[in-house]
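Please find the structures below.
Same chain, two partners: chain A is paired with chain B first, then with chain C.
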Partner chain A sequence: MKPTSSTATARRAPLSTTTVVYLALLGILLVGGIVVAATGDTLFSNANLVDMLTRSSLLGFIAIGQTLVILCRSLDLSVGYVVALSSLVAATTMDGDPARIPLAMAAALGVAAVIGLVNGLVVTKLKVNAFIATLGVGLIVKGYLDTWYAGPAGEVAPAFQAFGYTRIGPLPLSAIVMVALAGAGIWFLHYTRTGHHMFAVGGDTDVARMSGVRTDRTVIVAHILCAVAAGVAGLLIASRFGTGSALVYDDGYDLESIAAVVLGGTYLLGGRGGIGGTLGGVFILATLDTVFNVLSVDPFIKDVLRGVIIIAAVAIYARRRLTRKPDRFGGHVDPPPRPAPGDGAEAAHVKGGVA
Partner chain B sequence: MRTTVSGITSRILSSNATVFVLLAVIFAVVFALNPGFAEPMSLMAFVKKAAPLILLAIGQYFVIVSGEFDLSVGSLVGAQVVIAALLIDGNESATLPVILLMFAGGIVVGLVNGLVTTLLKVPSIITTLGTMLVLYGAIRWLTGGAPTGSLSTAFRAAGRQGVDDVPLIGQLPWALLIVLVVGVGAVFLMRSPWGRTLIAVGDNDQAARFAGARVWWVKTAAFTLSGFLATGAGILIGGYAGVTAQVGEGMEFTAITAVVLGGVVLGGGRGWVVAAMAGALTVEALFTLFNQLSVPSTVRPAAQGLIIIAAVAYAAIDRARRARTVTETHPTPRHTDVATP
Partner chain C sequence: MTAPLLTMTGIQKSFLGVRVLHGVDLTVRPGEVHALVGENGAGKSTLMKILAGVYTADAGTVTLDGEPVRFGHPAAAQRAGVSTVFQEFNLLPDRTVAENVYLGREPRRRGMVDRRRMVADTRRLLEDLGVTGLSARARVRNLSVAEQQIVEIVKAMSHDARIISMDEPTAALAGREVALLYRLIERLKQLGVAVLYVSHRLKEIFDLCDRVTVLKDGALVDTSDTADLTTDDLVRKMVGRSITGFFPPKLPGTALGDVRLRVTGGGNTQLDGVDLSVRSGEIVGFAGLQGSGRTELAHALFGIAPFTVGRVEVDGEGARIRSPRQAVRYGIGLVTEDRKTQGLALNQSIAANARLVLDAVRPRSAGRAAKAVPGLLSSLELVARGHDQEVRFLSGGNQQKVVLAKWLVIEPRVMILDEPTRGIDVGAKHAVYTLIRELAAAGMAILLISSELSEVIGMADRIVVMRDGVISGELDAARLPADTAEETIMALATGQNTGAAR
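On to the complex of A and B.
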């Protein structure tokens, strides 16, 4: 796992944010293991590991895509609806016929890509704030789903269910695919031009544009990839349930994926972070869920604890960033040579993202 | 300080306030479809229904204009109503203490949101998402899924009763009076030094800090006001609609939508509180219009999504165009664009 913040940071500061994320994961595994052991159970039993990894794969797909969008200083609140829609498209296209698996997968991912394209176009060309744009597009998809699919629909081929249920040792196939996708994402961010552009656009859109980056296109690509990743999560839902389900959009994946990304140390205002950290964030959330499950914590208390832990973790990252700021050039604060504070046009551009 | 009538009308007519046009159009359509809606009685009923969202939108406006988000208000409304029903349980004499307790609770939630965001430097979308999770968890833990207890008649008066026997309109709802008082208060607050600082902080918090503003305090106050007003909204909605476990669900997004429809820019620094209130009215009017047209409830989210995107896109593109023309004609941009409430 490459440290995802700038390499200069890694050299000077003792720990990169990604390292801290994985240390936190280790700490949570340790504490969780001890607490579970104290109740006479074991956290690292085969069944619990499978549970943990299965949980992570679904959120993982969504969070990987969300990372790309957030790196570009955008946001995608429509992922939950894309997951639901893609599961329905896959299941209804397949309709139990194994020969149609490739077609169904292509259709589901294609539909997801179109929604991502719409998100990206509305954000970049119509200049609608990403929060509102993706919320609006999500609502439109919700309207479609509510109108046409009252309940589960379609049926996947038995062979397709393998994606959801096959295991290689204790490793679910879906988790392996998810980690592979994360690897591909890390490669994409660090070794392709568009990947580098994403950091540039998220860091400062104006500077990126003046340096010749096609900022709009970069943001659109990020939105498409995010929606496609959510589409893959939809395929996983379809293969697990054996049918398409509209109701998964109520499961809060949109906000949870953002939480995972931020928990993974990606800066919500774009430009810093990466998929490696996000993966850590996803594992942290999944471990917490499994620990709560094994301890049979009241599901409602679970929400409370999760909320507190997410806030605490992000507060700790923010602290680190603050205390470390002086030893670096620049830091995440706007560099001093900004135009006068009253300059409205400038401020309007800087204020593009979510604060 | 342009407090003149012409200043206000020019602002309403400026395309910065698309929302007023939109509101007028929606109302015109509703009136055309159903002339009975123009009766004072129906209008007052509409006000009662819209009042909670207007309060939430004012609270959300303070937070958004300072450059932050408050996603916790929906769950706060829910928690307040459910806990109030639990504590009051039909006991009239408990009404006032419980209402005071609710306001205290709302202020505490707002303070926590504000302090965690400003002092611990957690992005507000995460802070308030966390508070939202905590509050939803608390609601369901307390109620086990179905709320218990009931609200007292006195508690429900604010949301459903009013001053009776007023000539011409019959009943003057308390909700309308509350909204008017809060709205006027908000306008004056935004003209106060605190309000001006709030806008400055939202526009550029670094510059505001260098200029001597206590950013953490100004923002925390905004979150606290949002919590306070969410409590008010909770009292009105509990009175109007009664107690269910779903009270308040999704209202944070509706409130943000309302504020953004009012031309307030996410990210902070510009926007007019009256336009945010008009945004809330527009959203409610839209729901009424959907009722009139008997749009199937399943299609509503789609229509809502389309209208929000269209309205915001129109405002954004218009703003960009005007910013360009203003820079071309005047060396100092933004003087028509600036939000000086």
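On to the complex of A and C.
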């Protein structure tokens, strides 16, 4: 069975999408570094690196979770509200008492998990499109926040603020935790059945179901994990601000996390991608922001540039994944490429066996 | 004689009150290759899907090794050792071979998916089947159709399948890949796995199969050893009914006029050396196996995947057709193979669908021309609650009438019909045939693509047979002897008898 080997290897894509993402990140760091240097500043100063990584960690937590739902061909637009709610739950539960830190964290993440569960149930059992389902759940949370928390509320213990402000060299603790969570997420997708099934459900729900995968359960788990990751982002907000804040839902984390995921090479319609790429996407967005800040680029131009970069990236991925029916003819070369010389003998043998 | 591995007895199945299987029996012995044949609509796929656990039978029993079984879910059938390789593969293109093979039951070690074992086990299964050069880590997307089929078979073997049914496994394979499949089936036989082989290609049945079960119109004709059969016997059992009378005769006054459509040396990545001419008033039938290039030809003519070489003329005038829009401008209409996804906007009204082409291509005269729509629909005997009803609520036959109306209203010069009667009931079929006759009488040039040989033979003036992207033969329907017509076409379509083909 010779022919299989040559065809399988010849058509292998030269680079994985994740590699492309990190090459792009490298390119942006390089170009950004040069442009910033041209203005007499330096992009890789301690302050700028800290800024970049701090930006990354908050978006990173949300985008890691978002990756899981998008892999399942779902979506979560409620993450911004979950971040706000969990920051409030943590700060009000803690109320300045260091002894209540574990309780507050558990409460915040628990509440987030419940919202994720609701998202998952609405998407799978009520069969509401994820866009509408999570938007609706998000609006419900928003209503609650707007009614009960007009401004900041609660107070975190000083010890808890360490999560937001501790640094090890130029590395913020929050960024380290975020990268660790990303590592856990990558491990989860690679080494658990549920992780494998997420790719299957997103790739083709029918194939997954026909293979005995519990598709609904998989999607629900993804939604719960996504909300919990957003809950961790809420904890980070609380520790940074020292209090819970309802208004962070206005910061656009929902769409930005989706942008980071897609920029990281995860297919918006599911089944392909991963957290490694998302992390790259998060770093790209954070780098851009820091570069724009250092250069004090007009906010309008800043958004335009971000938009252009996201669209360009996705257009490039779309080109890469174009697949067609294998050619039967060159379309301009006359003799059709069959029969292959090596297989002539076998083909003839089979033909010879005709009754 | 060995005890049967699988017996299906008195299997009945109805869909929406229409009986498609009338108590069919099937026995498969261990390690045999058993062919299941019959015309389109004979009930082969339904029977297969019942075996696979996709459908459940209304009546009848299935036993495996003498034990009665009932599969409510494909996964249950697979666990019991009954696997099915459908024409549409059940594979995830973005996952590796190993991940696909073990999907849903990934091996675990200490709670973690044991990727190394998954790959090793897949490799071992590939070796067992004698397949080399297919990496267990390769992404399915990068595999050829034949290789994907191997993955499906490996997946079946990983379930310790004792019977694998294959639905038209060679339909999408190129010639040398078929040889590969032959060897794989040989190997399965050696391993004691029974294969239920559904195919239209008679040559394969005689090459591969030990016994053959023939179905016709949802009933069992009989089961016999292939050694005791000739091709003629088998075809007679499959067809066994007169086709004259069902197809309306040519209308009086239908005359063959000038050449309306001519293709010289047409080719693209899927087609090669296509020379073709269709005259006004002529119905040219296109026969061939699935994947032989008939639909690709329709797509080339209609500008979906245009010809990259060669010349197309419409009414003697050179036509450069690069998009469907241009094709419509030249007066070419295409009734697509899949009306639900390509022919209709399902949640729009009948009236809106009927005006679709008109509004798109002739917006200025659309208002005037659309006045003809109601008359057209009633002459097609459309059954609907009103013209504002959404087409998704119509039966298949009535949906097809809306598709036809959409084209007729622009009065095309050339009409390409790709499987126009697929999935519609007998009455609607007859209406479509009558309409085709009328269009021919009105001077249209008609290209009729069909997998139902009887349809091509019954309707066409001339039959063009395609194989592997080229025209493998052309037959004059009038001079085709009725009793061997199907075999002659099949021989050209399969390339079984290369001498006679050219």
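Quick note on the criterion: the second predicted complex is superposed on the first by the 311 of 355 C-alpha atoms of A that agree within 3 Å, B and C clash if a C-alpha of one lies under 4 Å from a C-alpha of the other, contacts with A are read in each partner's own complex, and residues count from 1 in each chain.
One rule holds for everything that comes next: contacts are C-beta pairs under 8 Å (C-beta built on N, C-alpha and C of every residue); 3 or more make two chains touch, one makes a residue touch a chain.
Source: prediction; values computed, not measured.
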Partner chain in contact with A:277 - chain B first, chain C second, else both or neither: neither
Partner chain(s) touched by A:120 [first = chain B, second = chain C, both, neither]: neither
First, second, both or neither for A:262, with chain B first and chain C second: first
Partner chain(s) touched by A:207 [first = chain B, second = chain C, both, neither]: second
Contacts of A:242 with chain B and chain C, given as first, second, both or neither: neither
Partner chain in contact with A:133 - chain B first, chain C second, else both or neither: first
Chain A positions touched by chain B in one structure and by chain C in the second: 334, 338, 343, 347, 350, 353-355
Chain A-facing residues of chain B, complex: 67-69, 71, 116, 120-127, 129-134, 136-138, 140-141, 202-204, 206-208, 210-211, 253, 256-257, 260, 265-269, 296-306, 308-309, 312-313, 316-317, 319-320, 323, 327, 333-334, 337-338
Residue ranges of chain A in contact with chain B within the complex: 122, 126-129, 131-133, 135-144, 146-147, 255, 258-259, 262, 268-269, 298-304, 306-308, 310-311, 314-315, 318-319, 321-322, 333-334, 338, 341-345, 347-348, 350-355
Chain C-touching residues of chain A, taken from the complex the two chains share: 1-8, 11-13, 190-193, 195-197, 199-200, 203-204, 206-208, 210-213, 267, 271-272, 323, 325-332, 334, 336, 338-340, 343, 346-347, 350, 353-355
Interface residues, chain C side, partner chain A - complex: 73-75, 78, 90-95, 99, 103-106, 108, 112-113, 115, 130-135, 138-139, 141-147, 150, 174-180, 182-183, 203, 206-207, 231, 267-273, 293, 308-309, 468-470, 496
